[in-house]
Amino acid sequence: MTHTQVTLLQIDNYGPWTVTPSPRREVDLQTLQSRLYADLSQLIGNREGYVFFSRFDNMIAVTNGLTMADLSLIQESIRNRYPVTLSMSVAVDGSPAEALEVATSQLQDEGSAQDETRTEVLRGDPISEVERTAQDVQLAHFDVDNATEKYTDQLNEFDTFIEIEQGYAELMQYMRRAHDALSFFVGGDNVIAVCPRMDAEAYADAIDHVEDAVGVELKVGVGRDRTAQGAGMAAKHALETCREAGTAVEMNL
Amino acid sequence: MTHTQVTLLQIDNYGPWTVTPSPRREVDLQTLQSRLYADLSQLIGNREGYVFFSRFDNMIAVTNGLTMADLSLIQESIRNRYPVTLSMSVAVDGSPAEALEVATSQLQDEGSAQDETRTEVLRGDPISEVERTAQDVQLAHFDVDNATEKYTDQLNEFDTFIEIEQGYAELMQYMRRAHDALSFFVGGDNVIAVCPRMDAEAYADAIDHVEDAVGVELKVGVGRDRTAQGAGMAAKHALETCREAGTAVEMNL
Amino acid sequence: MTHTQVTLLQIDNYGPWTVTPSPRREVDLQTLQSRLYADLSQLIGNREGYVFFSRFDNMIAVTNGLTMADLSLIQESIRNRYPVTLSMSVAVDGSPAEALEVATSQLQDEGSAQDETRTEVLRGDPISEVERTAQDVQLAHFDVDNATEKYTDQLNEFDTFIEIEQGYAELMQYMRRAHDALSFFVGGDNVIAVCPRMDAEAYADAIDHVEDAVGVELKVGVGRDRTAQGAGMAAKHALETCREAGTAVEMNL
Amino acid sequence: MTHTQVTLLQIDNYGPWTVTPSPRREVDLQTLQSRLYADLSQLIGNREGYVFFSRFDNMIAVTNGLTMADLSLIQESIRNRYPVTLSMSVAVDGSPAEALEVATSQLQDEGSAQDETRTEVLRGDPISEVERTAQDVQLAHFDVDNATEKYTDQLNEFDTFIEIEQGYAELMQYMRRAHDALSFFVGGDNVIAVCPRMDAEAYADAIDHVEDAVGVELKVGVGRDRTAQGAGMAAKHALETCREAGTAVEMNL
């Protein structure tokens, strides 16, 4: 069984801040959001975790291996360098969606995302060192088969983007409903899914579903490890095997 | 009539680079992509343009006011500071989608996105200074009505994200098909659409369509100006008016 | 005669902020300072100006070509993305030191650098468009002759650093006293001096003075242009000529 | 006795790169250097180390607590995100200068800083976990007494800078010669010295020396810990005590 440590990161009272005292320049907000995400990628990645940008003001991370002290240090570092602060909530479960459900509830219990007095919440229970195993995190790295040849080099970029988005929207919902997995677009034609224990057949079904529903052909490499970094790198190598062997699903467990 | 100057920005041969000689760490790729986008936001924004991250390896910008020399300087600055290079292609049209079609074709004519000898292309015809008018760019800033109350403070974050994504996926396709507009998710519950000349009724129809199709209620502020920055800021102010007045569509032209 | 537009940039009330409510982590302060400087380099550099980090909390820029509106936009962008704000003061003079004297006084008149109510000052008179000439900015780019062979590859890095610092400390004082020039260490073994109109003999004297005083041998390329970017690039090309020709002073006017 | 783990970080073949194929824009070099330093501050700081920018192309770090694997990961992350690569060399000694001497020699043995075939060297012996003690790192945080009142609010900014630089140049040499300590300007009026075991009297002598030599009055807080972060924070708190108590030297051991 997996034990995914999921962390929800939420910018405190961000919506109101963006329009106070009047709407702030969009290019500055975009810069702020993407640099904050880049910094979190490094700070969490430096301890072998992964963070996904999702909505940018709310980010979702896999943080197996990070302690509450590590997360607190990240909160402090952001507070020292940005005009906004971050709340974080942590939970562990065999089901990534259930872990996120708990993490989200813990944060909602402390107040609204737009409550200006609710700042820098840090709650939850990370996995203890002794419970950790090499099977804790399972990640799947999907990409679109021959995306460059079929889309990027053929369609105008927005129509390519629509195709990729369609594939992603369908996959994210299917994986959520069928498996409690959390799937994130990570740029280009790539999606990374945080999964419970799933087998090759389940991934093949997901790929079939997306192709049937929206006509986008995916392939996927899957990895498992005690950290997101380990599982993600194993998944990438598996995806390379797909590319070389012409296969649709490769498990590297 | 609008004259949107659309620029396609493409990282040269990026896919192969990410796996050469073996897959690179995902957290570094995420950092690279989001910082590159942040830098482009500032470099283009400093001259009143907007850039959207879309797929990160391919970005779409509204660059009215930027010359080929300005874009060339941006190419040089990126080459000096990143391990990758950028190609850019520019076109102007009353239809944003048509402008992007031309811009994309110009780049595709120079070779594949994964052709390692095709680097730092810079092509296209910006709008000439004398032709520019205060009606050249029309931007619409959508957000989800009461997103915090209805979603963020209620659902787990991934299910909130699914709702927002559903709304976005539906809107992006409707606006593309019905109006040749290009719509981009910009974080939180916000979408910015690069539009041709459209009236209030057309926006109301788009909002109705999205609510009917996926149950997500949007509101929108619309602005028009000679630059993206001007049109975008007018649109934000209009959206503030929606918020205060409880209206769904506000035009600030 | 030169007309150097000098801008003083000062982080508002920075000292107290760094220890409120208790001392902040040094690594975060270092990150904040160096990224703020990097952003200013791009924002000012994008309009052909130069900024020098000097003390980081106080920076000195050559901003010929930037208007008060350009500087105001930079202030806004920093306010939107950092936990601190910036004051700026501008003056123009044939003597760079005199321009800075005026710019500094204008800011001091508004209150202390540690006055918490004095924020985002923006004062001064930029050069008007009609007065600008191709002789407005004269920059000299010095480096240490054979620094890698003589120091970096021979001494321990701190002793190399002491040598470079000695050369810089001597040069900065000599150029200030003898010529009202402002000299800045820019990394490696490089110093860029913002100069009034000076001839080759004056530079040769400065180099002789530094060698006599502290035994560090310098060479210098000099450029002149209507902007810092133009003058600085001309100076760099002149320095390349020194390197190829084995000369100590090259003027590229 | 202290056991300072000193790491030399050197950008590989940087000088030649900055002028190939022709001189690169100075603002881009400044941005590259300062962001590289900012990233290293976070990557090393995230593991409780300190890095000093010194010459930017050569940086000196205190890395007690970081393993060779940690440093290798930093090398990889930089290679993935910058157009340049980094070499690193590590040594431990009771004398910081001696540790740097060894670290530098190890790197010089591998080739010149401008040898294009010598890239990403990683050498040296970190302190073993069992040998580490709470007395390994001693840091002194100096600042200039009443710098704002005496200099920043009185003189033009360059003349203030000259005063600060004079104080720093004198201190760095005295501390190097008398104590084998490595002193680094860190912005504003602050200098941090990496010290061997030194007592309060030795610091008082250093302060007297600088005042006698160049008339700049310093005060200093000193801390000791198993990491740079711990020692540095103790030193900052000691410096706050100086400020409150009006003393010149405070030891927080």
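Per-chain numbering from 1; labels A, B, C and D assigned in written order.
Criterion: contacts are C-beta pairs under 8 Å (C-beta built on N, C-alpha and C of every residue); 3 or more make two chains touch, one makes a residue touch a chain.
Note that the structure is a prediction, hence the values are computed from the model and not measured.
Enquirer: What chain is the most remote from subunit D, judged by the mean position of CA atoms in each chain?
Expert: B
Enquirer: Do subunit B and subunit C, two copies of one chain sequence, contact each other through the same residue numbers, with over half in common, or through different ones?
Expert: same
Enquirer: Nearest whole angstrom, what separates the Cα centre of subunit C from the Cα centre of subunit D?
Expert: Each chain's C-alpha centroid was found; their separation is 22 Å.
Enquirer: With centres defined as the mean C-alpha position, give me the subunit A-subunit D separation in Å.
Expert: Chain centres of subunit A and subunit D, defined by C-alpha means, are spaced 37 Å apart.
Enquirer: So which stretches of subunit C touch two or more other chains?
Expert: Residue numbers touching two or more other chains: 25, 27-29, 31, 35, 42, 77.
Enquirer: Once bound in the complex, which stretches of subunit D touch subunit B?
Expert: 24-25, 27-29, 31-32, 35, 76-77, 79-83
Enquirer: Would you mind writing out the residues of subunit A in touch with subunit D in their complex?
Expert: Residue list for subunit A touching subunit D: 39, 42-43, 46-47, 73, 77.
Enquirer: Note which residues of subunit D are touching subunit C in the complex, please.
Expert: Interface residues on the subunit D side: 8, 10, 14-15, 19, 22-23, 25-31, 33-35, 37-38, 41-42, 44-45, 50-51, 53-58, 60, 97, 100-101, 103-105, 108, 112-114, 148-149, 152-162, 164-166, 168-169, 172-173, 176, 182, 186-189, 192, 229, 232-233, 236-237, 239-240.
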